[in-house]
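By written order: A, B, C, D and E. Residues from 1 in each chain.
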Amino acid sequence: MTSDDVVLSVQDLHVSYGVIRALKGISFEVRRGEIVTLIGANGAGKSTTLRAISRLVPFQQGSIVFEGVDLRNVSPHEVTAMGIAHVPEGRGIFANLTVQENLKLATWGKKNPREIQQAYDRVFSLFPRLAERRNQLAGTLSGGEQQMLAVGRALMRGGRLMLLDEPSMGLAPVLVREIFEVLREINAAGTTILLVEQNARQALKLAHRGYVLETGTIALSGTSQELMDNPRVKEAYLGG
Amino acid sequence: MPLLRIRGLTHFFGGLRAVHDFNLDQEPGELIGIIGPNGAGKTTVFNLITGVYRPTEGEIFFNGHNLVGKRPDQIVSLGIARTFQTIRLFKNLSVLDNVRIAHFARTRYEVPAAMFRMPNYLREEAEVRERALELLDLMGLADQAEWVASSLPYGLQRRLEIARALACEPRLLLLDEPAAGMNPGEIAELMELIRWIRQQFDLTIILIEHQMRVVMGICERIKVLDFGETIAEGTPAEIQSNPRVIEAYLGEEAI
Amino acid sequence: MQGLIQQVLNALQLGSVYALIALGYTMVYGIITLINFAHGDIFMVSTYVAFFVGTAVISRALHLPGIVVFILTMLATMFATALLAVLIERFAYKPLRQAPRVSAVITALGVGLFLENFTLATIGPDPRFLPKFFPVVTFTWSGVAFSNIQIIIIAVSAVVMLLLDTIVRRTMVGMAMRAVSWDKFTAPLMGVPVDRIISITFALGASIAAIGGMLFGMVYTIDPYMGIRIGWWAFISAVVGGIGNIRGAMLGGFILGFVEIFTPVILPASTYRDFVAFSLLLVLLVFRPYGILGRPVAQKV
Amino acid sequence: QPRGPETIKIGLNAELTGGVPVVGASCKNGAELAVEEVNNAGGLEVGGRKYKIELLIEDNEDKAESAAAAAQKLNAAGVLLMIGPNASRNAIPAAEVAEQNKMPMISPWSTNPKTTIDAATGQPKKYVLRACFIDDFQGVVAARFAITELGTKKPAVLYDVASEYNKGIAEIYKKTMEEAGIPVVAFETYTTGDKDFSAQLTKIIESGADSLFLPNYYTEVPLQVQQAHKLGFQGVIVGSDSWGATELIDLCGADCEGYFFTTHYAADIATPKAQAFIQAYQAKYGKVPDDVAALTYDAFGMAFQAIQTAGKIDREAVNQALHSIPSYEGVTGVLKFAGTGDPIKSAVVLQIKGGKFVYYTTAQP
Amino acid sequence: MNALRAFWNRVRLFYESWPPLLRRLFVPALLVLFFILALVLPQAGVLNLYQQQVLIYVGINIILAASLNLVNGYMGEFSVGHAGFMAVGAYVASILTVWAFPRWGLGEYIPYLFPVALLLGGAAAGLTGLVVAFPSFRTRGDYLAIVTLAWNMIVKSVLENIDAIGGPRGFMGMQKLTTVAWVYVWVVVTIYLLRNLVYSNYGRGILSIREDEIASSLVSVDTRKVKITTFVVASFFAGIAGGLFAHIIQFINPRSFSILKSTDVLVMVYLGGIGSLGGSILGATVYTVLLELLRPLQVWRWVVGPLLLVLLMIFRPRGIMGMREWRFLVPREERSQAIASIKEHIRRKREAAAPVPVGGSSD
């Protein structure tokens, strides 16, 4: 592995919300083509890590380097423009826009109509449901459809790195499986993925490697298999 | 006689039929689960029971009282409390205050008594304070009593929401996806907690959940909704093997 | 009958002005839920800009036709006013974006007071008219009087409103505005530069106010405190129509214009105009608690 | 041991900000001019010594409570007397303060009769005077003028219902008309800050009115006149002293041509003193003084004369002297005080002609 | 800054070292002392009339701000019509002292009946609070703001049209009954009563409406009752403030109670900080005194004042005291020590009984 393959490198990252220290110096990296998962209890700092990468929250110390570019002084919309797509916790769809408008907005700054059309085609072939509902207000979609839309928007941006924050939350079991299936397809088509999940079993099944976050620090790391075999992980995150 | 009796409950949002002909008879002490795909109308059923929405059609009887047309606070005082799918604590208030608010309907003193600190006010407030702290203590939240609710970790916020509902002294407790966003370890704890409060407070419970472990683990009876219709009803074992449920909800590879 | 038609014309003219100002109000509100109490004063400043620019242009270039001067002045005024609004947003409102919403409201009140009194202290209290860009022609048609300015006011307002409605509904920027108004923390994840969108909104709102200011200054006098009342009226228009709703703001503006004109018409004595007009408003809000076109924010329980 | 120049402190309580800043600005101008003239002449000679005048200016924001606080502040600062406030809504509370502190006060422009009356006893206040005549007088003068000189048969009125000044005059006007057997065909109102009067004016025109009385501030009158013309009003328009500013003509243009208003003085038949004042004012501020400036100037003039008469720097003595001014020839005419705070002075009717205010007739009280 | 804090901590420690009884009496004693000062200082000429006037305005503004804070800060509504209620109180109290009492042969007792007049004025204002309370059942936020605004305009318009009470010319003849001592008493009473209210179950009901109205009704809060209570109480105190105002200015007219007055109070509330009575006290004081201090600037006062306001809001977006409270304004039984002792008591009780395993205490 050469360092070229490292898409994202996070070193000694510290983030605080006022007095609450959410991240106390974490380091990890993501290589091209990988699916890496962050697992950990509630409030461990998983979402905070993703938000720091997208520059939605300021970080006090440490560095985040994406494809060789330090993100310290980059603003969130520029991060997106650089090729990081973020599916935020709670989906963050624009309820007052239609499905189509939600997708269209994600092409902000893109000029090439052919490229945009290709992106639409890809999203609609992955999620035929969204094509059916394209003129519906996104706020009236069901939870699973909203999650599809959130992932669909990230695909419209067409990033090289996709950050996903608990895509399976609140979804019916069928949909959970569908979403994970789509993630596998996206990854196979060449997108690197950093996945945050509560559903550790499924996440580890999908991912190549994983990190375990505990109260703002990295407690464990390894390949998915290693983690799944680890008794501590089994006990705390896989439900015995 | 059932504690809760629902007949022909139907609700429309504009042209959208969110719930259709929902029926339920729940005996005291029973724990019933409601499952179904996203948007099936589960939360809407809770909203109809608790008076957030007025049903388009149907009857809801609780303990002999007709609930249709009553205000939420009146319904709560009849003995129904609930939690929310997305946490709805009073974020900027202390944990203790969150619980004490639930004593509102049982407050007997009037505003002037409060403003002039009359003896009945002082007595009752002292009582409420102690009762609330006792409950927090039982729920393992006593140490955080004076924290601002939003500063609690997520798991404790869920727990506080349950504590706040319990402070309403309900006979029927409605839990809307209490395990959402929890990892398997936390889910196990939650199941333990639900069993314990059920017995401790002598509760009848309806539970909405997507985590099959929880539903199958603690519910005695399960109703499955899809597009507002009840598509199946039965014991966990029956539900798990019901082909319609597998198709609409659990997926092919279901256990 | 002529009286009635006359009054309808009167109401259309007044309503157009209210509607234009309400639009700026509602746009800013719609996107950052800020009740921009300074909007009326930005409108006031715009009329002064128009006054000075117009006077300067006329005195320099006498050979230009009036309508050209008018348009030049309007463009310059729109630009200057937009700039002012963007600066105010940067320095006074942006630092408060994370703060509770009312803090920014108080800041807006402060900015409004500042603009009013700064104008008073530097320019003085005397009321003025804008220079006459072109002669006013009054037509009388079977007893109903209307002027070319009146027609311009109503026409320009209508065009601006349609244009704005199209921008917000159809363009990418409009989509981004609506997205930012729903969730400004997620919008940058779509590549939308939130700060710039907010600036554009302020600039757009202020330019429309400037158009309103130009038109207003041609028929009414301008003075440093004129923004207070107009500002409140625009606020009322925006809310009555359903705040954050572009069409609602237009509708609200016209309703207010009609109520203001028609209550004295219907009443035997106009003494009770304010009483009646505001009672109507109160009753309206009791029956349509979220304005005429507004709907309660559908919050899922 | 040589002593520095002694000073007399005089307070000015004016509406610099708030609802009527034009009034405050003129008042301040008139005051500063009056004080400057005395000081440039070496000061005011009292009891054989020259005193410089120190002017303490307070803004009352056109708010009753601020006017009272400003009066208290001026009193605490040890002013010999206070000029202002102008609008009656501010002058009345300030007058209460003046009375309680035994501080002489002259309001240049408060025309409400109650300013100088003690509300509890109904007796005149002891320390409060004014330089203008009262609403009642002006309303009567305007009405009589409209009847006799203009021969109005169907008079109409449009006034600001939220402003005590306008309402006071309007009602007296109406009453006088009705007593003369001439019914007022339209009695319409608006609220301070309105800029569109088309609804009321349309109604007035429909009523067939042949004259229109506009006892309103000159800041609003041009709009009212122009809108009336635009809507086709043909009759004659009459105003009150609040028209008396050249800005009226600037704003109104030809629209106000030929109309009449009642006021305190006429520049074209002015005494040499008035001429001098107008010239000095114009030189200093670049415009013709309005009635507020002139009345303020006179208030100061009365104060100076009273101080000199009293011969000492003492509030009681100055108050005595003020109340017994036999005759003060001011720029706004001759003022006499007969024991009360209200001057006896005549009103003049001016006509707007060729862009100027031209003397038309005089009405005696 | 640090030295100040260190000093404050020293003072605090010293205070904590006092015996409980003394500590208990400290605040009441201080309040009585201030009352005596409020009585004596004006008499002794230590405070001149101007300073007294400003103090009285500060007091009236504190009452206005604290009562509006109940609606805007604690309940989270946005009322912009507080001056409307103040007007009702001012006119009713004035009519009583000027017309009614003398007519009922009580003329010579007016100074003693002043509190009665104020209370009746407050009651009348409180009653009109219902006009705003009922629409608040169905609407919120900016829509309710317009309702309150309309209410303010309606009051003003009605007053302008009743010639019997002077119309726009105003109403006068009030004696100067409002003194520093009286205002002080009313401020103390207002703050005391409001404090008691907000720390009761009703107060928590008010807060819960601000936080989440739907959740609040779903934990048994009768939101209608709470809203009525809040609007009536807030209007009542606004009415009291109006009565005090009328009897210091000795002249009231409809203009004094315009929207501008309402926005003044609004600024004081948010400047001080929402949800804090201490904040309202500070906000009203700072705003009133600052504007008095800026008087020498004349026209520029209203240029500099708003600038300072904007800067202050930028540096302290939550107002001076936002959501915090002065300790002495927190009832004793609500302070940490009291809560801790109850917790201790519960713990002992539980240990005595059979221990119950708590589901969540995994440690």
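The working rule: a contact is a pair of C-beta atoms (placed from the backbone, for glycine too) under 8 Å apart; a residue touches a chain by one contact, two chains touch by 3 or more.
Everything quoted here is computed from the prediction, not taken from an experiment.
Asker: Hop distance check: chain A to chain E, minimum number of steps through touching chains?
Answerer: Minimal hop count between chain A and chain E: 2.
Asker: Measuring between Cα centroids, which chain is at the maximum distance from chain B?
Answerer: Of all the other chains, the one whose centre lies farthest from chain B is D.
Asker: Taking CA centroids for every chain, report which one is farthest away from chain A.
Answerer: With centres defined by C-alpha atoms, farthest from chain A sits D.
Asker: Would you mind telling me which chain pair, C-E or A-C, is linked by more contacting C-beta pairs?
Answerer: C-E
Asker: Roughly how far is chain A from chain D, going centre to centre by Cα mean, in whole Å?
Answerer: 74
Asker: Using the average of all C-alpha atoms in each chain as its centre, how far is it in Å between chain B and chain E?
Answerer: 38
Asker: With chain centres defined as C-alpha means, what is the inter-centre distance between chain C and chain D in Å?
Answerer: Their C-alpha centroids are separated by 36 Å.
Asker: Quick check on chain B: which residues sit in contact with 2+ other chains?
Answerer: Residues 52, 84, 155.
Asker: What are the residues of chain C that contact at least two other chains?
Answerer: In chain C, residues 117, 120, 228, 271, 273-274, 301 touch at least two other chains, as defined above.
Asker: Give the residues of chain D touching no fewer than two other chains, as numbers and ranges.
Answerer: Chain D, residues with two or more chain partners: 17, 19, 161, 191.
Asker: Show which residues of chain D lie in contact with chain C when the two form their complex.
Answerer: So the residues of chain D touching chain C come out as 17, 19, 21-22, 24-25, 161, 187-191, 193-196, 198-200, 202-203, 206, 219-220, 222-223, 230-232, 247, 251.
Asker: Could you please specify the touching residues of chain C with respect to chain D in the complex?
Answerer: Contacts found on chain C: 3, 6-7, 10-11, 13-14, 117, 120, 124-129, 138, 140, 143, 145, 147, 216, 220-221, 223-226, 228-229, 260-262, 264-265, 269-271, 273-274.
Asker: Inside the complex, what are the residues of chain C that reach chain A?
Answerer: 172, 175-176, 178-179, 181-183, 185-194, 298
Asker: Which residues of chain D touch chain E in the complex?
Answerer: 16-17, 19, 57-59, 61, 63-65, 68-70, 72-73, 75-76, 88-89, 92-93, 96-97, 100-101, 112, 114, 119-120, 161-164, 167-168, 191
Asker: Would you pull the chain B residues touching chain E in the complex into a rising list?
Answerer: Within the complex, chain B contacts chain E at residues 50, 52, 71-73, 76-77, 81-82, 84, 88-93, 96-97, 100-107, 109, 111, 114-117, 121-122, 125-126, 128-130, 133-134, 137-140, 142, 145-146, 155, 159, 164-165, 167-168, 189-190, 192-193, 195-197, 200.
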